[in-house]
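Labels A, B and C are assigned to the chains in the order they are written; within every chain, residues are numbered from 1.
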Amino acid sequence: MIIIELFKKITRRTIFLTVAIFLTIGAIFSDVYWIKKINLEMLRKSITPASKQAYDFIESLPPNSVVLVSGDYGPSTRVEADPILENFLKQSFRKNFKVIAISLWPDGAQIVATKTRQVASQYNKQEDVDYVIGGYVVGAAVAIEKMGVDLKDAVPLLNKSPAPFLKNIKTAHDLNLVFCIAAGDTLQYYIRILKSRYGVNVSGGCTAVMAAEMYPYILSKQLIGLFGGLKGAADYEILESNPEPDQVSEAVKYMLTQSLIHALIIIFIIIANIVFIYDRLKYGKKR
Amino acid sequence: MKRELPLFITAITGLVIIFNYFLPEVTGQITEIIRKWVIVISSFAIILGILNLLIISLRKTVEPITHIDDRIANIVLILSLIITIIIGMVYKVDPNYTSEFKLVLDKSSVIPLINFEVQKVDNNVFTSVIFYSIYNPLSAAMFSLLAFFIASASYRAFRARNMEATLLLLAASIVILGRVPIGDYLFGLIGLKISVVSEYITAVINAAAQRAILIAVGIGTIIISLKLLFGIEKSHIGKSE
Amino acid sequence: MLKIFISMEWGYFWYKVSAPYIENPLLAYSLFFLLFISVSFFYYLYLAKNRKIDNIYIRKIPALNSIDEAIGRSTEMGKPILYIPGIMDIDNIQTLASLSILSYVSYKCAEYETDFIMPVSRSVVMTVAQEVVKESYLRAGRSDLYRNDMVFYLTDDQFGYAAGVDGIISREKPGAIFLIGAFYAESLILAETGFSAGAIQIAGTAMITQLPFFIAACDYVLIGEELFAASAYLSKDILDKITLKNQDITKALVMVSVAIGAMINTIYSIYPNIANIPFINLLHKIFQGLLIK
């Protein structure tokens, strides 16, 4: 059959080119109003339970709660992680939480500091009064263990901050919530060390690849909900901001592109299986 | 002694850390000292890596046998390393924002208009140029390669060769479509909410398998750690036979 | 605490020691579990050292059996071997497991006189790997073939490392690529580039999220604990192999605990009156303590 012969000619280059075309179409059309509207409506109806659980828990914390946000990601995963961080900061400042912003990744420290100051200025929050920038914390798992014993020793910049809310904070146990946005292992370290040993509430976000790995922790209540990948970021934006189609940020917009690519992958899988089954029927198993 | 001393240090420090987990009041202070040493050593290790990189790159640049492309790549590497270090030390890492009038394209109207707007501009060369204009896009570009590679890997891997492969194919397809709005949109036409099915596969079936592997990996980690602590596993310091 | 101990204020001493366990009962379960593993570890070591067990059956692991084939194939084609030990530091257990396989692979490369390339992402790993490879070449009697720049540092940055390794694969066109250790998102980039270069690829990782990518793109994969069993599998020493028995007995304990605990909690939730039976009540209290509050 001609069409099967055409399918057999698909190479890696064809796949790459098609993906590039679909990405371009997604990027162009993601700004069209009616597409944004349909996209938003669909996302509103499919908010994941894990995202809802995390959002509801943060919402239930009382005002003046002290929360630690750990932005452990780099520029490569900014598209997925930045919206989660931004929406968490918006929710925290709206609820008048006191925020300690750190990063266990050296290139994440810059991003976290800039984003915290940017969001804080929208809510008229002052540095060293309502929030503290802890900067880059050296040591990953070792630093998290130290947080359980002495938070200010683990995050040295806290010692230099005159923030009044830090006076009562000695260890991680004194925090109401630790929110970790991770592109690596750090969320698991927070769960294994701070939650298991010290009983600290841990929630967070992660890249889409890691989201599947975190479900055992959610189900055993060691992790309070999770914002997984771009979908989680879009869920968080909808829950926090409830935007109109012309107010959506990149997380919701880019879900259109992600939808197109996922659909394209399914099409390729179908094509590959059509060719495979056709060959199996025509030539038998030996070929 | 060259082999025994590292094994002895490994055993003592490892046992102290383990005791600290179960008897924190007894071994707390020693563990704090060890934790500080770990942080200092890991910081120094970065210098070690940079020196090694510089030495090898310089050698490759100078050697006559090196191909011209390799020579250029190594020169670029050395120059970018030195320039980044110098700029970082001179300009520091905090952004330096000032407000400036800028010409901006107003996308909100149907006909694109050019407007004057007051925008915050970062004058710190390190953050605005090195970090946000060079490093950020390069990192993002490398990560974005995954989109292409996942498409080609899926095309190659998801074939219904046997029953297990077919089940894998079906589960993967449901999860791929269930995680994006288009899945609910398409299957909504036949009255099926595929995101619920996808969530079930991820939260129940996948979680069960993940738990099994996590537990097995955890046990393997403990065993290999005990082997390292008690000197049975010596490959990291070189085998003696 | 030492002063309290010396002054023989035993009551206060034991209070201080037991306080973490009262606050967090899960600590007691962790202690029991660790004691069980340690006691069985030493027990099996004792059996192996006193020759009470000479050999144990280990099922075939295709990935490890294919190492010789991969290195042989590269040697015949005149192409080098590329070994990638993951992107995490030496404190990660997968990196250490990778180094034990590195010892075997570099020994074989020395024997077959195959070129060996090993870019690393962490400087401490580089130092340790250089020692391991040098030792292997020495053991094989081919220290003349060893060069210090066989193992070299690229960058700590995840995708910078991936870009560097992709460049090495494209230029050097290795015959075999070993991707063994802890990987994150760059795993698929490395595996796909290796596939396009036509190399035989043997991967091994305990990172659950990266396993599917390796299985899709590589020829052989060590899944999860097979990576940790590798050093025992490749070793001829019974002391190394016996720890696999320890792993199995611990897994058996976990399986039995999960089964009993699930059964007890299920029966209790349907028939709460069953708590009147003292033995069942005790079991329920034990397994109830394992639930996260």
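What we mean here is this: a residue touches a chain if its C-beta (ideal position, glycine included) is under 8 Å from a C-beta of that chain, and two chains touch if they have at least 3 such contacts.
A quick note: this is a predicted structure, and the numbers were derived from the prediction, not measured.
Q: Taking each chain's centre as the mean of its CA atoms, which one is most distant from chain B?
A: C
Q: Chain with the smallest distance from its CA centroid to the overall CA centroid?
A: Smallest offset from the overall C-alpha mean is found for B.
Q: Please work out the Cα centroid separation of chain A and chain C, and write it as a whole number of Å.
A: So the centroids are 28 Å from each other.
Q: Can you check how far apart chain A and chain B are, centre to centre, with Cα atoms defining each centre and the answer in Å?
A: 14
Q: Compute the distance, rounded to whole Å, between the mean C-alpha positions of chain B and chain C.
A: Whole-Å distance between the two chain centres: 19.
Q: I need the residues of chain A touching at least two other chains; which ones are they?
A: Correct list: 12, 74, 76-77, 107, 197, 212-213.
Q: Specify, in ascending order, the residues of chain C that touch 2 or more different other chains.
A: 27, 91, 157, 159, 185, 208, in rising order.
Q: Residue numbers in chain B touching 2 or more other chains?
A: Those would be 21, 28, 38, 42, 139, 142-143, 150, 152, 154, 156, 210, 214.
Q: So in the complex, the part of chain B that touches chain A is made up of which residues?
A: Counting only chain B, the residues touching chain A are 21, 28, 32, 35, 38-39, 42-43, 93-95, 107, 127, 131, 135-137, 139-140, 142-143, 147-148, 150-152, 154-156, 158-161, 169, 172-173, 176-177, 179-185, 193, 195, 199, 202-203, 206-207, 210-211, 214.
Q: Which chain A residues qualify as touching chain C in the complex?
A: That would be residues 12, 74, 76-77, 107, 141, 183-184, 196-197, 199, 207, 209-210, 212-213, 220-222 of chain A.
Q: Quick check on the complex: what are the chain C residues that touch chain A?
A: 24, 26-27, 91, 157-159, 184-185, 196, 208-210, 292
Q: Tell me, which parts of chain B touch chain C in their complex?
A: 18, 21-26, 28, 38, 41-42, 45-46, 48-50, 52-53, 56, 59, 70, 73, 138-139, 142-143, 145-146, 149-150, 152-154, 156-157, 210, 213-217, 219-228, 232-233, 235-239, 241
Q: Which of the residues in chain A end up touching chain B in this complex?
A: 10, 12, 15-16, 18-20, 23, 31, 38-39, 42-43, 45-46, 48-50, 74-79, 107, 110, 113-114, 138-139, 142-143, 145-146, 149, 197, 208, 211-213, 215-216, 218-219, 229, 231, 255-256, 258-266, 268-269, 271-273, 276-277
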